[in-house]
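In the two assemblies presented below, chain A is common to both, partnered first by chain B and then by chain C.
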Partner chain A sequence: MAKAAEYLIGFFSIILRIGLMQTNLPKWLQSRNEVVTPLTSWERVEEGLALQDQHISPYSGDLFHETPLALRGLKIANYCPWGVSGFFLLIDIITMVFLRKVAVTFREHLLDDQNVNKETYSPKAESLLLTPKQLSWLPSVILAVHALNPFSIMTTLALSTGAITNLAILLAFYYLIAGNRLLCTLFISLATYQAFYPVVFLVPAGLQFYKNKRPQSSTKSYVSREAVTSYFETCSLCFVFLGLLLGASFLAEGSWEFLQSTYGFILSVPDLTPNTGVFWYFFTEMFDHFRTFFVCVFQLNAVVYTVPLAVKFTEKPVFLMYILLVLTAIFKSYPSYADAALYFSLLPLWKHTFSYLRNTLVVAGMFITCMVLAPILYHLWIFAGSANANFYFAITLTYSTAQIFLVTDILFAYLRREYDLYHGTEHKNADGTKAQIVLE
Partner chain B sequence: MAPSAGYTSIPAFLCLIFVWATTASGTPKDIFTEELFIKPLSRGYVYSHFQFTTKWNASIHDSNTFRHYRLFPKALGEVLAKYGVQELHLSQTQGLWRHKFWGYPVHDAPPGAELWVWFKPTVKDIDRAWTELVNAVSGLFCSSLNFLDSKNTVVPQWSYRPQGTAAPGYSTFSYHVRYGALPREIVCTENLTPWKKLLPCDSKAGLSTLFNAFHFHDASYHSLGLHIRPVCADVDCTEEAIELSQSLSVVTDVISTSHTGTPNWSLRSLFGNHLASTCPVAAKSTIFVELTKNEDSHMYRLTPDPSSTEKVTRGPDQHTYAVYDVQSLMKSGRVLNIAATFRDPPVLLSVEPPPIHVHRYITGYGLDKGGISCLIYNNMVVNQSIIYLDVLPWFTRVFFNSLTVTNNGTRLPFKVHYVPGKDRSRPHQLELSFNLWPHSVTQVSFTFTRAFLKWTEYPPDANHGFYIDSATITAILATSRGYTATPQHSSCLESIMTDNSSRFPVRLHTESLLVSLPTPDFSMPYNVICLACTVVAIAFGSVHNLTTRRFEKLDPSAKKGILTKVKGFLSKLRSKKASPEKQTNNASHPEDTDTSDNQNELKNENSSAKSSS
Partner chain C sequence: MGLLTNEQSRNRVVSLLVQHNQKLSVLVYLAGISWFFALAYQPLNAATYFSENALLPGLVESHLPSVFLSVLQYKEQVEQEAKRDPKVTLQDWVYKKFDSLGIETFQQNFSVVYPFRSLSSKVCWMSAPLRPWHRIQRISVHIAGIKDASKPYWSKDIIFLFSDFDEIGAMAWLDAYHETASQYILTNGLEGRSGAIQAAINLELPLDNINYFNLKLEGLNGQLPNLDLVNLLVRLCQKEGARVAIHHSFDKRLSYGGDSFDNYKSSLKTMLKMMWYQASGAPSGNHGLFQKFHIESVTLQGVAKKKGSHDITTAARIMEGVLRSLNNLLERFHQSFFFYLLPSTNRYVSIGMYMPPFGLMALAGLIKISFVVFTLTCHGLALWKVSQMQTNAEKKEDTKKDGADESPDKDKEKDVEGMKYSLKDEAKTAVDESKDNFEDEMKTAEPLTNKGVLTILPVFLVSMLMGWMAHQGPELLTRIVPRFRIQTEDMIIYSLFAIFTAALAYPKLMTRKSGSPSTFVIDWQLLKSIALIGQTLALTTISLLNISQAFFLTAFMVPVTTLVRPSQQKIFRWIQMLALVFVSPLSLMFLVGLISAWPQPSTFDLLLQGYTNCKELIFLGVMDSYLFNAWTETIITAVIFPIWLLFWAIPWVDAVNSL
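And now, the complex of A and B:
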């Protein structure tokens, strides 16, 4: 029954995307700067291919920012059935296959985790315990969310190469849960090679593979010699893959010029085209002599959350990876809806904590407002000339805030449920009155 | 001369000896000629071109050349020597030359300033030499040429080849050329003054006495040019020479500037003055008036009669010129005021488009994406191959894959040299070579996307927009219709009279373009910085809270609201205040009720403290 539903949803999702491809929507989305960024725009990939055909290095200009291997790999997109759209549809289908696999594996992972820790849970938390029956619909829910997720629909229609990075991250996420160190590090390095920020996923990967090696939770120390050796192994695996990828790029390109055009471009933020992030207007209005300092601060901000979160969620690397995925999607230098697409599709994995969410309505309202208003205010600024940059800036700020509210809410809900698991769902004072749970 | 010297004093004798020695040491090494070329254009416009040529029989490669100067300006010679210049071409122009109506000028120039330089092969660091040279030239001509940095300098591959002689030891490899243009540069009297100071007679005598800034800046188009190139000293080209050509072109709209509304013109009406002198150091002083169209239709009559009328066949076309030898005319002591009187009612010259003319414009709307289209008209019955050069600033990011050359919907094959731009350091350079079909319009088009600049990168009037350089089209024509330039070997207009070449190189500059860029709000950098940082702080604060704190059980009844806290604090304060007062002047204070209230509150507080403990 559940399986049939999954196929049905998958089929519906493909039909929906093919149907929308027949409209004018893709053409419009391809120029929407909330959906595509200078890093992920297909128009720029075509420019890179055209320059390469003329034997001009695509990296000698400032229009093309894909990695050398992506440039060569994306050439095949033109030979797909239905051309480039077909290629991105294929990417979407593979994404769906792995989303389903993630859901199935994650379901087992949740139940295993629960079984291991069951003894330590409070007996009063019986109602919180997950049952296989409850989770049996998880793959269908994930697929349904992905099928209707406007972010992932837009990403596919706009031919954003962010979809490819997303697939690499999803695969890394899948192999993290599945416990395949080799493939997980391979896909982390691939995602890092493409977008740089996924390098932070090494932390959850390191923790997870050490945790898998030593299943007895009682004797486990995360700073022991063995632990450090295990982290080191994971990291070196990833860096070996990354080194190979960069080496292959160098051999293909014949120079290191591409580093400046890809990672240099991501890190130093020279392109101030509006996007959904906090960088563009901030650095448009920044005073020149503070620019370097604030670029460092903002880039650090994108990855610094890894440290406190890794300390807090040492035992929960999967959740840690998810939260890092959301945080880097918010604070990367060129974010777009493509980044939101992946974490929204994965959001139902934490369905069991949703009852603890506090501001669902506010966040949902903010997201909808932003999605509706962003193109309108952009039009007013750029085409109609009746609004100015501040209007669009306000909407991107709201969008960032909405994402921040969402991620902190998920964090809260997860921690709050953990608390209830250990302390029971009923919280009473000594005198029998109802107690409040607060952060102290 | 020598015998008469015996009767004069000794110093005067020595002086005379010196003068005799310098003049007798052979022919002078430099020759200066001044010429004026007047061409009536269609619709009552008149084109006047002043040409001052100094030919210096010395090699530009000889280090001793720039030690001693006669007519060649020393200020310029020093600059040439210091930066290893082989060829230098500078133009400063106000207004647009309208090829379609006016044909070709002697020296084509884009609106604004344009500078292109060929450096000697001995110059090692050309980029540095260029940077220093533009600063020097900028100082010399009071212009903003110092803004020609790497952001708007290119190395043309096929256009802008050397104009002078090319022998072993001269640069011909395009690595040695630099081209830059400032389309926004405004040309005014402060540019004219240093330019005319380079003339041997300044504007004190000769044709340059006709310079009248008021009339020039009132004209539809005026252009100052300065061209230095190595040429051959003689016909056999055994010796080298340096040629400095200074030109000033003016196009006057005679009908609208005259009081009577007639197309009649004279030197006086064009320049506000008649000609009363020649430059004493000039070898020749000539005025040419092109009569080509007047031959058969006799639309106007020239007074006084010219010294001679020359018929010249250049390629397949015939040109007629009235020649005034000013030096011999001046001998009579009369002033010269050449005038053209039209028949009544006047018949104006009709528009005859030249072999090739162009029109370039911006396409698209809004401040997001845009495009540039250039229409190239070929009015000849033969194919014509051309070279198209377009330089776009870095902030209009060109999509190379959108480049098309079409003729009536058919895509034409083209050869391309493209250098993509780099943000804040290099412009986009597009050089194309293709064939124009006979009697056709060829369209070059491509799209670009506008960059968003930092707020400090915008000029003070940000919403005025940014200028894009003119594109140039270089071609070698087989016809001389509408052609006025001199043959390759000399810049003197006189050489046109003996021209027998069959190929006529032309360079056309298109319109410069104005493109608007999206602007940020310039008034609120602090607000933006604060707001963006606030959003980051929200995330940082929340994550910090959730990761560093633990969940704790709390009795809601024990938890004080902010109101009770404030109340408690106030009552505490009041009780503290009240108790010393009570002790000191108990009798004088009759507020019994108040103190009792305080006591009640104190009691309450005590009880609550007990319950919480």
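And now, the complex of A and C:
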């Protein structure tokens, strides 16, 4: 039953995307700067391919920002059935396959985790315990959310190469849960090679693989010698892969020129085309004198939350990785809807904590409002000339705020459920009245 | 963040909203609408001023000769020409005249392919003669004369455009100038071209003397020209001693002082007139299409009177002033305001002033959502409630089966998460109790067959489909029209009527399908909250594009849609349905037709004329959306209509069985 539903949803999602590809929506989306960024625009890939055909280095100009291996890999897109759209549809199908796999593995992971810790839970928290029956629909739910996720639909239709990075991150996420260190580090390094920010996923990966290796009964700390060795192994594996990828790029390209156009472009943020992020408006206003300092601050902001979160969620690396995924999607230098696509598709993994969410209405309202208003305010600013940059900036700021509300809400819900697991669902004061739990 | 993490302060806000939502939403709506109308009151709006100093309107010193002898000859010349050789069109004459003055002159032809095949099966060429707007020509010729007099201060090109067929002609030229291809207006390219156009003044001048000048500002889709340009025209008219009006309504003389009631009445009238034109989304003059291309434009209309005090000289001087001011402009118009309403020629209401009252009006709906949602679930959208309750039910079963072997006494473990939690007394309010009671009721009211997203999904899909049909219907239907031999105009309105009637019947039709004996049972609270969110979002979005349209839609729709709910009493049900029909898009259109037909000698005449106007209005709306890419038709059919349909289902809901 559940299996049939999964296939049905997958089929529906493909039909929906093919149907939408026939309209003039893709063409419009390809020009939307909320959907494609200079890093992920297919137009620029075509430019790069054309330059390469002419034996001109695509990195000699400042238009092309894909990595050299991606450039060579994306050549095959033109030979796919239905051309480039077919290629991105294929990417989407593979994404769906792995989303399903993630859901299945995650389901077992949740139940295993629960069985291990069951003894420590409060007996009054029985109603919170998950059952296999409850979770049996998880793959279908994930697939359904992905099928209707407007962000992922837009990413596929707009031919954003962010979909490929997303796939690499998803694979890393999958192998993290599945406990395959080699493949997980490989995909983290691939994603890092493509987009740089996924490098932070090394932290949850290091924690998870140490946790897996450690015998269940022992209560060794995460700062022991053994732990550090394990972290080191994970990191070095990843860096070896990354080194290989960069080396291969050097061999293919014949120079290190590409580093400036890819990672240099990501880190120093020279392109201030409006997007959904927090960088562009701030740096258009910035005096050049302070620019370097604030670029450093903003880039640090994108990754700095890894440290406190890693301390807090040492025992929950999977959740840590998810939160980091959302945070980098908010604070990276060129974010787009493609980044939101992945974490929205994975959101139902935490379905068991949703009853603790408190701002669903506000956050949902903010997201919908942003999606509707962003193109309209852009039109008023650029085409009609009646509004100005502040209008569009206001909406991108709202979008970032909505994402931050979402991530804090998920964090809170997760912690709140954990608390209830250990303390029971009924909270009473000393005098027997109903108590309320407040986060301080 | 306090509101996000502290449940206590949150609950207080929520409970306030829940307890008083009915009163609050009525209050907020009334406050909003009265504040909006109060904006026309002089102390509440601001005096216009020049934001762009480069315009320097005061510095212009006229170089026009005081007497135009040559002007008067042109009219006679044209008439003579026409008598001598009827084949010579006005076009040719203008062409020759301009050419002889040494100005680069080009002619452009265009044709219109009508979107509706039945109007004309083939391309029809439009090369009919120009309308005899002699005055325009005279003024233009004279300004051309100034330029020729090689005054050193002209730094910009001036383009004189004589166009046929009102807006279509202007559109054809603009399309050709900017090389944007249109599907329906085909043009041949322009031979001459200049740079980016900064501003355009459209002149509509009569043959006789001018009594006063009338300004038309509203462009396509409710866009307005920069307020500086309007100010400039007003100032220059006043400088020439000419009276100037907005939509034929003059400023009240300030003899009573600015804040008198008479003054307020006249200001309100002017503001509403402007809003009326803006709300249509259609350009109020030939200038309207220029705004689509980022060109600030205004129509200056001279209103004739036999013994008008101003002759052609005044108009010419005003034009000279405008052109010379624009000549000084260094940048595009970017200062001053683009979003404003004018209660008089020298007062304005900016976006910062009108958005708060509008926001209040739209908020009335949102307050209601908070009620609907929060009574269903303390936190979050009602969507989750269903799954939550189902899982609860499942949990109960499961725990009965295998929930016995849990080790006790583990609940004392403190601060497992390293976070500091503290237990606090819950602030018990009456509302919390009622909320609890409500939830208990909900639990007893199982099974949940009439709850959840699935019950409203059909309603949702039908509304969307109806919206799509209303949007696409006219075009699809007119393809088969020739067989029926009905006029296209009638066809469009009949097809819309048909779709509307079908849409009215849809709750009735769905009733029979829903199994249980003739009841229409859906989760109406969820439906209403989704519809209210959709409505608020749509109205807010429209308010950014076209505040007047959004205002009128909000003023009519929000009170009805906010208060609508299923009722057990038939009379209330009928009243609600009538109210809903009254605010439906089609009846609003008819209302517009009636108002524009006012006054008529008898009620019957009024209704008839109203119907004719309404028909014409819809036809023009549809045509504009094809020819000029106007959005009004799309907004009404594809956005407002489906949202209205969602509300339409609510009074049909069987109140007894749904809760």
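Throughout what follows, the second predicted complex is superposed on the first by the 436 of 440 C-alpha atoms of A that agree within 3 Å, B and C clash if a C-alpha of one lies under 4 Å from a C-alpha of the other, contacts with A are read in each partner's own complex, and residues count from 1 in each chain.
The definition used in the following text is that a residue touches a chain if its C-beta (ideal position, glycine included) is under 8 Å from a C-beta of that chain, and two chains touch if they have at least 3 such contacts.
Note that the structure is a prediction, hence the values are computed from the model and not measured.
Participant: Tell me which partner A:Thr360 touches in the superposition: chain B (first), chain C (second), both or neither.
Facilitator: second
Participant: With both complexes overlaid on chain A, does A:Glu43 touch chain B (first), chain C (second), both or neither?
Facilitator: After superposition on chain A, A:Glu43 lies in contact with chain B alone.
Participant: So, A:Glu108: does it touch chain B (first), chain C (second), both, or neither?
Facilitator: Neither partner.
Participant: Touching A:Glu226, do we find chain B (first), chain C (second), both, or neither?
Facilitator: neither
Participant: First (chain B), second (chain C), both or neither: which does A:Phe412 touch?
Facilitator: both
Participant: Taking the superposition as given, does A:Lys312 touch the first partner, chain B, the second, chain C, both, or neither?
Facilitator: Both partners.
Participant: Per the contact definition in the header, classify A:Leu397: touching chain B only (first), chain C only (second), both, or neither.
Facilitator: The answer is first: A:Leu397 touches chain B but not chain C.
Participant: Contacts for A:Gln54 in the overlay, against chain B (first) and chain C (second): which applies, first, second, both or neither?
Facilitator: first
Participant: Just which bits of chain A does chain B share with chain C as contact spots?
Facilitator: In the superposed arrangement, which is not itself an observed complex, chain A uses residues 312, 383, 388, 408, 412, 415, 419, 423, 427, 429, 433-440 for both chain B and chain C.
Participant: Using the touch definition up top, name the residues of chain B that touch chain A in the complex.
Facilitator: Result: residues 365-369, 394, 397-401, 416, 418-424, 428, 451-456, 518-521, 524-525, 528-529, 531-532, 535-536, 538-540, 542-557, 559 of chain B touch chain A.
Participant: Please give the residue numbers of chain C that touch chain A in the complex, ascending.
Facilitator: 1, 4-8, 10, 223-224, 291-292, 294, 332, 334, 338-339, 369, 373, 379-381, 383-384, 387-388, 391-392, 394-396, 398-399, 403, 406-411, 413, 416-426, 533, 537, 540-541, 544-545
Participant: Sort out for me which residues of chain A touch chain C in the complex.
Facilitator: 118-127, 129, 131, 133-134, 312, 351, 354-355, 357-361, 364-365, 368-369, 372-373, 376-377, 380, 383-388, 405, 408-409, 412, 415, 418-419, 422-424, 427, 429, 433-440
Participant: In their shared complex, at which residues does chain A touch chain B?
Facilitator: Spelled out, the residues of chain A in touch with chain B are 31, 43, 46-47, 49-51, 54, 56, 60-63, 270-274, 278, 280-288, 298, 301, 305, 308-309, 311-312, 327, 330-331, 381-383, 388-390, 393, 397, 400-401, 404, 407-408, 411-412, 415-416, 419, 423, 427, 429, 433-440.
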